[in-house]
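Heads up, the next two complexes both have chain A, just with different partners, chain B and then chain C.
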Partner chain A sequence: MATQVTAARPLRRGLRIGQQRALWAYLFLAVPLLFFAGIRILPAISSLYISVHEWNIISPVRPYVGLANFQTLAADPRFARAAINTVRYVLVGIPAQMVLGLGLALLLQRIVRFRGLFRALYFMPFITPIVAASWVWQWMYSVHLGPLNKILQGMGLPAQGFLRDPGQALFAVAAMVVWQYLGFQVVIFLAGLEAIPRVYYEAAEVDGATGWRLFWRITLPLLNPTLVFSMVYSTIVYLQLFTQVLNMTFQDQGGPLASTLTLVLYVYQLGFQRFKMGEAAAATAILFVVILTITLLQMKILSKPVEY
Partner chain B sequence: MTGRAGGDPRVVLSYLILAAGSLVVAFPFFWMVASSLKPLAEIFDVRFLPTQPTLENYAEVLTRTQFPRWFANSLIIALITTVSVAFFDALVGYVLAKLKFPGRDLIFVLILATLMIPTEMLVIPWYIMSSANGWINTYWGIMFPGLITAFGIFLIRQFMSGVPDELLDAGRIDGVGEFGLFWRIALPQVRPAMAALCIFTFLGNWNAFLWPMIVIQTPNMRTLPVGLALFSGEAGSSWNLIMAGSALAIIPVLLVFLVLQRQIIEGIVLTGLRN
Partner chain C sequence: MNRIWTAIIVGALVLALPAAGIGQPRVTITYWQYFFESKVKLVDQLIAQFETQYPGVKVAHEHFPYDAYNQKVASAVPAGQGPDVINLFYGWVPLYVDSGYLQSLPPDAFPPVQIERDYVPMIKASKLDGKYWAIPTAVRSLAMFYNADLFRSAAVVRPPVTWEEFQAAAERMTARDDRGRITTMGFGVAPSGQDHHLLREVLFRQWGAAPYSADNRRVTYATPAGAEALRWYTEMITKSKVGAIDFFPGAGGYRNAFMAGRAGMIVDGSFAIGAIRRGTRASWGVAPLPGRTVGGAPSNFGSYWVHGLTTRAQGPRREAAIQFLKFLVSEQTQRLWLDAVGELPAYKRLVEDPRLGADPVMGPFVSALPYARATFFVDEAAQRQVLVDAVNEVVLNNKPPRQALEEAAAKEQKILDEFWAKRKRP
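What follows is the complex of A and B.
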C-alpha cells in the first residue's frame, strides 16, 4: 500500500506526494479527456442540436424548427418501413443465431478431436471483411447466375428470388448476418458452458436425470448470464445493421421496395445522399433512445445475482 | 455427458452434424476462391470448379486498379490507430485503476457513458467538424474518431486493478517516475489483455466502413472496404475481379487469425464475459 511507503516520512511531505500523484494523473488524463469531450460528448450534444434545426449542408441558413424533423420522420413511410425492418432483423436473426450457436457449442463440447479445427472453421466468417462477404453472398443469391439456385434446381426445386423478392430479401440478408456471427456466438457459448461446474451434472446424474432434462434443468438456467450477454450484444449489432444491407443491395440500396432497408442505412441516405442532416440527426436521436433503453435494461438483468 | 471416442453413436452423430455444418459455413469462401480463379469466359458457368484455373483476375486487380493503394491505406490507418488505442487506453486504464485523485470515479463513469452513444449519432457532427477543419479526405480525418476507445479503457482498467500495489511501491522506492511505473512495471503485467485489445482494434479498423465511406472523397484515399464496395459498384458485372479483390482482402485477416487464433478466442471470452 502507498501509505506504508509514505508513513516513514513526515506527514506534510506525504500530502505533497499525494498531490503530486494527482497532478500526474491529471496530466496523463489530459489528452484522453479532451478527446472524449471533443469527439464523443460534444458531437452527441450537437447532434441533438442539429435534430431540431433544418440543416442542409449546402444552405448556410439553418433555422430552428422545433420537433418538425421528428414529425416529418413520424409521417415518413420509409422511416416506418426501416424501423419495422430493423425490429424484424432482430426478431429473425437473433433467435436463429442463438439456437444454432448453442446447438453447435453443445456438439463441440461433446467431441474431443478436431474441436479447434471446427471452431476455427465456424469462426472464419466473423473475421472476414464484411464488404467482401456481402458481395460474395450477393452473387450466391443471384437469381439466374447464383450457385444457390443451381443447387435448388439440381434437387428439382424451383428457383427462388432471394434478394430480388421483397418477401424473401430480409431473410436472405439475415441469413448472411447469422452466418457471419455464428462463430462468435459459438465461442461465447463454449466459454459459458465451460463455466458451469461439473458437480451439478454429476449430482443430477446420480438422481437419474439424463439428456434433455439435464439440458433444461441445469445447462439452460446456469447459462443464463451468457444468454443475456449474447442477446444484448447481438441486439445492438442487429439494430446497427448497415454495411451488409448496403453492399448486398448496392444498386437498389435497402431494396427491393425498401424490404431490406434498416434505420442506419436510412440515416445514411437522409444525411449523406439527400443532405437532410436535421432529419438524419433526429433519426439517430431515436436510435440512441432505443439503444440506451436496451443497455439500461441489460444492466438491470445482468446485475441480478445468479443463484446456483 | 462426454462420451469416449469410438463407439458412442452420439459422438459419431456430433461429428457428422459439425462436418455438414462447416461445409455450409465454408461454401461462400469456396465459391469466392473458385470464381476468382475462373477466366472471364467461364465466370457464369454452371460448374463449381474452374476447368482452366488462372491467376489473371488477381493480376488485373493488383495492376490495373488502385487495389494496392487501398490495401496500403487500410494498413497504415489500422496500424496507427492500434498503436494509439493501445497506448492511450492502457495509460488511462492504469491511471483509473492505480492512482488515487479527486474526481477519479466521476471521470470513469463519464468515459463509460460514452459507450452508450451510437456511432451513427456522431457521424453527422464529425462530418461537419471535418469539413470545417479541412479533414475530409485525409488519413487524420479517417482515423480521428477511433484513436482512443472507452471499451479498451474499461477492459484494461479491469486488468490493471489486479496489479499488486506492492509492485508499484517497490518501483517508487527504487526511484521510478510515475510514467515509468506505468510503462515498465504495470504494462507488462497486463500483456494478455493488451494483446486482445490490439487484435480487436486492428480488425475493427481493417473492417471499418460507415465513417471512412463518408469522409473519403477520392479513389486514391479509399480504404480497402470502401474501395472494394465502390469498385464492386463501378465494376458492375466484373464478378471475377470482385471475387479476386474480396479474396485478397481476406488474406491478411486470415493470416492474423491463424497466427493468433488462441489469443483472439481468449480475447472474446475475456472481453465478453467479464462484467
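What follows is the complex of A and C.
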C-alpha cells in the first residue's frame, strides 16, 4: 500500500521504488531470521560451547575440559552401540521406505478410480501422533498378548520375540518408522512422477521401448531430483530417530541390551537422565557433523543434471 | 538527662519491636516440589498453618511436572532464582551437594545424633562428608502385592513366606494358552521397574552377597552367592516361565498387568498403593517380601524424597527456611502426610505405632522400615541400566549368571569410580 501511495513522487531519502520495496521485504524477512537465529543458531553454538565443558546440568561451575567429553564418548561402548544402531536404521529403513514408496506410487499412478482414497489411506500414519502409534505398535509386537504372534502361530509359525529379541528389535522399530513415513514418501513420488512429461514415454514407446526399459531410462533418471530430496530428507529423519524408539521400549529405553538405542536417545539419556550435559552436547556435535557430511555427500553424489 | 532516657527508651523499643513481630518486614521464602496432586494440596494446607504460626514468614509454593523438575532447577538456579527449601529424590542429593547447591543442615537445628536416633535407618544415605544435607517427611519401602482371587483359584492358602514358596505359588498361578503363550503371570517380573532394587538390596543380601562396600565405593555383589540370586531370579523367566518381561508393555506394565488381573504377584513400592487401590478389580492384599529361609534375615529397599536448604537461603531467609523445614518434618506433619498422601512416616516413633503396623495394607511396608536400606546411588539411571542389562544378558543371551554379574559389577564400578574421583570435597 505504502509503495502505491508514494509511487508517483520521488522519496525523501532518495530511495527508488524498487529499493524501497526490497527494504520492506528485508524488514519482514528479518523477523523470521532473528527468530531462527535465536531459536536455532544460538542454541547450536551454545551446545558446541557446552561440549568442551563439564556440566552436570545443576552446577553453576562448568570447568573447561577441552576434548575430554569426546574422549569419554570414544571409550563408551554404549555410545558406539548407539552410533552403529543409528547407521543400521538408515541402511534398513531408507531402502525399504524408498522401494515400497516408489512401488506404491507407480501402482497408484496407474489407477484413476480411488486414487485419492488410497493416497489418503497411505498418508494417514504420517499424520497420526507418533507417540500413540508407537504404543499401539508396541502392543502389536507384545510377545504373549500381541496379535502378530497370534497370526504367526495361526499359520503354524513359531512365536517371535520382536521388541524383546535383541536381534529383531531394531528391525521391528524400523518397520514402524517405514509404515509411518510411507504415505509421505508416496505423495512425494506421485508428485515427482506427475512432473515427468508424457511425451517422453510416448516417444519411447514409438521407438519400441516397453516396461522396464521405460522405467530405467525415463522414470528413474527424471525422478532423480525427487529421489535425492526424499533420500536426504529421510536420512535426516532416520539419523534423528528418537520418539518411536523411546516409546516402543518405554521400560528399558533403547533396549533390550541397547539393541534399539539411537544417538539422539542416548543424548537425551546422558543429558536429562544422567545429568551429563557436556557429554550429551559432545554427542550432539558429533551427530551434527555426521548429518552435515552425509547430507553434503548425498547432494554432491546423487544430484546429477539430466539432459535429454 | 531526658534526652538520654528518650534515646534509651527508643533504642529499647527498636530492639523489642522485631521480637514482638510488629513492623518486622515479612520474609518470603520459596518451596519447590514436583507435582503430585495430594502432596501439592497438603503442602498448601501446611503452609497456611505455618504462616499463622510464624506471621513474619510467607512461603511461596511452586511445583513442576516430575519430568521437567531437574531441568527447571537447572535453568532457574544459574539465573539466581529458585527455591530456599527444595524437595529432592534422595538419589539426587550427591549431585546437588557437589554442585554447591545445598547447604548442610545446621547441626544446632538438626543435630545428627538426634536424626539418627529419631529416623528410620535408611536416611543414612543422605549423610555425606559426615554431615546431613537433607531430611525427609516420609519414606517408602517394598512389599509384595498379591491377587487374592488368583490365590484362591490356584489353592494358594497364604502369602508365601520364603522365595521357594513364592516360586511354587507363582507356578500354580501361571496360566498359558495351548501354544504356551502366557495369559496370566504368576510373578509380574519387571527388572526396570522395582526388580532391580529387589535384586540389589533384597535377593543379593539374602543369598549372602552384600551389594556394596560399607563406604559405598566398591561394588561387591559379583560373588558366587550373588550369581545364585541372579540365577534364581532369571530362572523364573527362562525355566519355570512364570513371568515375562514387558508382558504388558510400557512404564509400569507389571503393575498394569497386576491391576488387570493378569499377574498373581508383583513386588512394588508403597507409592503404588494409591494406583492399585483405585485400579484393581480383583480382591488383593499386601504381604512382606519373602525371605530365603523361614526366620532368615529379612531385607528391603527403601527410598524417600528429602527436603533440603539451598544456598540461596541466607540471612533472615535462612532463619525462616530452617523454621519451615523443621515444620515440614515435624511429627504432626508426618501424621498428616500419612493420611493425605499415603506415604510412610520417617520417624521411628510413628512407625512403631501398633495401629499402623496392624493396617493390612500399610503394615507390611511399615514392618520393613527398621531394616530397609536406601542404595547410595550416584547415577541412578546408569546403575539401574547395569542390572537390567545383566538380567537381559542371562534371559536373552543365555549368559551364565556369574559372567553377567561380573560384567555388570565392572560397569557399575566404573560409574562409582567416576563419581568418587570427581568429588572435590573430602
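By our rule, the second predicted complex is superposed on the first by the 262 of 308 C-alpha atoms of A that agree within 3 Å, B and C clash if a C-alpha of one lies under 4 Å from a C-alpha of the other, contacts with A are read in each partner's own complex, and residues count from 1 in each chain.
By definition in this document, a contact is a pair of C-beta atoms (placed from the backbone, for glycine too) under 8 Å apart; a residue touches a chain by one contact, two chains touch by 3 or more.
All of these numbers come straight from a predicted model, not from anything done at the bench.
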First, second, both or neither for A:G255, with chain B first and chain C second: second
Touching partner for A:G101 - first (chain B), second (chain C), both, neither: neither
Touching partner for A:A25 - first (chain B), second (chain C), both, neither: first
First (chain B), second (chain C), both or neither touched by A:W139: both
Chain B versus chain C as contact partner of A:G93, first or second or both or neither: neither
Residues of chain A touched, compared between chain B and chain C (which is higher): B
First, second, both or neither for A:F35, with chain B first and chain C second: first
Footprint overlap on chain A, comparing chain B with chain C: 57, 135, 139, 145, 250-251, 272
Sites on chain A touched by chain B in the complex: 1-2, 4-5, 18, 21-22, 24-26, 28-29, 31-33, 35-36, 39-44, 46-47, 50, 57, 104, 107-114, 116, 118-125, 127-133, 135-137, 139-140, 145, 147, 150, 179, 182-184, 187-188, 191-192, 195, 201, 214, 225-226, 229, 233, 240, 242-243, 246-247, 250-251, 264, 267-268, 271-272, 277, 280-281, 284-285, 287-288, 291-292, 295, 302
Sites on chain A touched by chain C in the complex: 56-61, 135, 138-139, 141-145, 149, 153, 159, 161, 163-166, 248, 250-252, 255-258, 269, 272-275
Chain A contact footprint on chain C (complex, rising order): 70-71, 73-74, 77-78, 95-96, 98-101, 179-183, 190-193, 244-251, 253, 379, 381-382, 385, 388-389, 392-393, 396-397
Residue ranges of chain B in contact with chain A within the complex: 1-3, 5, 10-11, 14-15, 17-19, 21-22, 25-29, 31-32, 35, 44, 46, 48, 88, 91-92, 94-95, 99-102, 104, 107, 110-111, 114, 116-129, 144-145, 147-148, 150, 153, 165-166, 169, 172-173, 178-179, 182, 203, 206-207, 209-210, 214, 224-226, 228-229, 232-233, 239, 242-243, 245-247, 249-250, 253-254, 256-257, 261, 264-265, 268-269, 272-273, 275
